[in-house]
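Per-chain numbering from 1; labels A, B and C assigned in written order.
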Amino acid sequence: MSESKFATKTNAGNFFEDYQVGQIIHHAVPRTVSGGERSLYHMLYPARHALHSSDAFAQSCGLTASPLDDMIAFHIVFGKSVPDISLNAVANLGYADCRWMGSVWAGDTIRSSSEVIGLKQNSNGKSGVVYVRTTGTNQNGVVVMQFVRWVMVRKADLSAPAPETVIPDLIGAVDPSDLVIPDGLDFNNYDFTLAGETHRLGDYKVGEFIDHVDGVTIEEAEHMMATRLWQNTAKVHFDVTSRPDGKRLIYGGHVMSMARALTFNGLANAQIMVAINGGAHANPCFAGDTVRAWSEVLDTADTSAPGVGAIRLRLVATKGGKVGALKGDDGKYLPEVLLDLDYWALMPV
Amino acid sequence: MSESKFATKTNAGNFFEDYQVGQIIHHAVPRTVSGGERSLYHMLYPARHALHSSDAFAQSCGLTASPLDDMIAFHIVFGKSVPDISLNAVANLGYADCRWMGSVWAGDTIRSSSEVIGLKQNSNGKSGVVYVRTTGTNQNGVVVMQFVRWVMVRKADLSAPAPETVIPDLIGAVDPSDLVIPDGLDFNNYDFTLAGETHRLGDYKVGEFIDHVDGVTIEEAEHMMATRLWQNTAKVHFDVTSRPDGKRLIYGGHVMSMARALTFNGLANAQIMVAINGGAHANPCFAGDTVRAWSEVLDTADTSAPGVGAIRLRLVATKGGKVGALKGDDGKYLPEVLLDLDYWALMPV
Amino acid sequence: MSESKFATKTNAGNFFEDYQVGQIIHHAVPRTVSGGERSLYHMLYPARHALHSSDAFAQSCGLTASPLDDMIAFHIVFGKSVPDISLNAVANLGYADCRWMGSVWAGDTIRSSSEVIGLKQNSNGKSGVVYVRTTGTNQNGVVVMQFVRWVMVRKADLSAPAPETVIPDLIGAVDPSDLVIPDGLDFNNYDFTLAGETHRLGDYKVGEFIDHVDGVTIEEAEHMMATRLWQNTAKVHFDVTSRPDGKRLIYGGHVMSMARALTFNGLANAQIMVAINGGAHANPCFAGDTVRAWSEVLDTADTSAPGVGAIRLRLVATKGGKVGALKGDDGKYLPEVLLDLDYWALMPV
């Protein structure tokens, strides 16, 4: 459609040759959030972590009120970057060094910007990989989150010269000492009964697997509303004419939020997401799929906050696979695996 | 799934032998509500009772603002009890003595607890009936509502001894003198034009039937979002693999809210639900069903509040039945009847 | 159903012979809005105009905060009029002289009333055209919007005498000098980067067409929730048994909001709707249709507010037609055209 003579005023998105290392892109349409977004998050996902559900519970943990779910900040900051970064993306290749750095509260206005930190043209000369560090900021200029992602973007002008290859140094996992703990967080008076489970950090062993048991069958209306709520308007999620198979591709972040909410059953005390070390959308998800989740404990760590520890988890979303089954003998993700996410969460010690 | 070796940290729910009379169970995950929940209620149900729609109207009735819909409190308090009371329930057998005792306002945090008030093992030794009184409380410790329900729960350990049978004394209907009227409620300046109908309490006759005319065809996305919003995560509502027929069972409370909202047409002035005397989910409801409703006037009463009367109604939700048709010659509910609810509401005299 | 012996308390709506020129009808059920309605609007439509998304952006334009989307006011005021004006309507014939006159903010309570300004019985004696001017007012009595619409309504009593024919003088388009600019609006410090596009009023030429590129495939759950949210309960939108074809007709206002939201791509700076000059729902829309939009620039004008201009646009929603294709050789709308709307919006000069 971008070839239409009537499309001169519309955004055709950026192509590989439009990016330069060091370039800073200010994404459009800041967004003010309220209790409305909080209630919608509970309507769209089976989210039950107490700290994001109850002001009183959050106050008993040293916070002034219940902050919005961590994934709300992720979705808003990510969604704003779509028109500038991934409108012409062939593939989302990966995430790294994602850290939540400040809570988001009802009334905050979030904006988003990205710095191009790496470029590598593909050998076919038709596309290339763009690495960006995307930052979300609130109305006071405080950074609320940051992440690196890299996407494969096609070239519009195949004769454009290849840029110098720059591949950023990406950390494998966020060091626990670099996790940002919300101001005032204190789990010494943590109420395990109200939180829903008795397991504290010391009860989890590295290498342990957890079956989160519950499944949710996904509807078209739900994933479209969830994706639209964060102003992510990539057409493959909304328009049945945009793919040859007539299916609407479900936004990968919808699967992330669904899987994270399902972890309540077994990880009710992993209250706050503080970092994503890496992640892959292993296979596409479509309406009618029943999403399930399992977790593997990868690591644990102390933090400087009273009573607060950190747990590193692999979160795997499937449409029906076995707990622990991730890749085949060929090293590729099994066809029923939807998401493989590696993250840090805060939990009472 | 609870047999999985990976499920040691997940909640397998309680079984019949786990309950003892006198036991108090504090349900997890308190919930703070806002204007968001109020707007969602209007999106999910055709709710038009003016007192729950307009601050200005509520203020003209002596309240400080428009309280959240009464059924929101019911759903939250009920939903929190599901993981502890009905996860292994074979059947929801009944409700009694449900009373709203304090309004819920935007900003309130609701928690829920249940006392076991009766137990009766079935003669087959494989299950039993558990009676609980469930109480919802706000952040100030004020009771906002209370109800008794009883469910049939299976035993996990068939060799566990039968408990002493205790069957609580359940009242048949709440006495009008026990209805709790919201502080300050005054219908002397009631605006019948803004409320939508001219009929006052005196215009309704005991034995009168009202056809509420409108019907709503239910979609999967809607009932799942409604149920999830109240953090009720019973898997039969969400997971197509959880029943042999591959259907998602609609949460009975969704039918209650839908039917109550439909009563606006004919009972626009039955503004506030104050008690449920009893109720039965007569037949399951599935997506694609078109829900309709009719009411029968069972009783009327005075209250101590100025201009405020009480009306006792039978509310019947159907998927297409005739007004007044409830049970067959065999004494069983007709197959098209979904809900048979007996409740008290407040109405201008 | 209105013939039911049990329907004596329900609203059967007004028939043609019930209206008199000069009659004022106060519509029921005032509605208080909050941040919840704002978040829902973003969930239901791909709305990205920055002034309705961000308090900070609105403040940079001289407003105290971000007002609710203009179409929210339209839907609420319109929805309230349905039970009194269009319950027995055979057809919605047109709109004229629709003007937004005051912003709606979270916390406001909106009510609606209509004055009958014209009547013309049809020559068949079975129906007639009713012209009303509908006005929305906030809790302080300030008019927030006003529009004229005319509908064809059937007679219940065919023997009722025809009223004197009164056809109101309807203006063809709102004169730009009659547009009401929100208090304090100032686009001199307008941030085009945050707004999402660089085009100012001077960049648009009368006669220019804009292809808004994106499409949204509509689901039953979404249009029902959108329509219900505004308390519009016309049964054709909700009840599959209400039409012979078993389809639920999508509320025309849902198509208006969807199309207006899609205009962001090409008209991101047409921030505020201030008038609708006329509109037609050209063909019915059903779930499964993929809604697209194009615009034609009809006029531009200055306003008295600093940096603020006005642009008059034809907004056409289609289910797949070509940009610019509106009517066939027979002068009738092409079958793929859903909406033909003529409106004024405010834009930086």
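In this section, contacts are C-beta pairs under 8 Å (C-beta built on N, C-alpha and C of every residue); 3 or more make two chains touch, one makes a residue touch a chain.
On a predicted model such as this, the values are computed, not experimentally measured, just so you know.
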Classification of the chain B:chain C interface as same or different, half of numbers criterion: different
Rotation, 0 to 180 degrees and nearest 5, that superposes chain A on copy chain B via CA atoms: 120
Length of the line joining the C-alpha centres of chain B and chain C, rounded to whole Å: 36
Of all residues in chain B, the ones touching two or more other chains: 34-37, 39-40, 106, 219-222
Chain A - residues contacting chain B, complex: 34-40, 42-46, 48-50, 53-57, 66, 106, 193-197, 199, 203-204, 209-217, 219-222, 265-268, 290, 294, 320, 323-324
Chain C partner contacts - residues on chain A that touch it in the complex: 1-2, 4, 6-7, 9-11, 26, 28-37, 39-40, 83, 106-107, 109, 111, 139, 219-222, 224-226, 228-229, 231, 233, 235, 238-242, 248
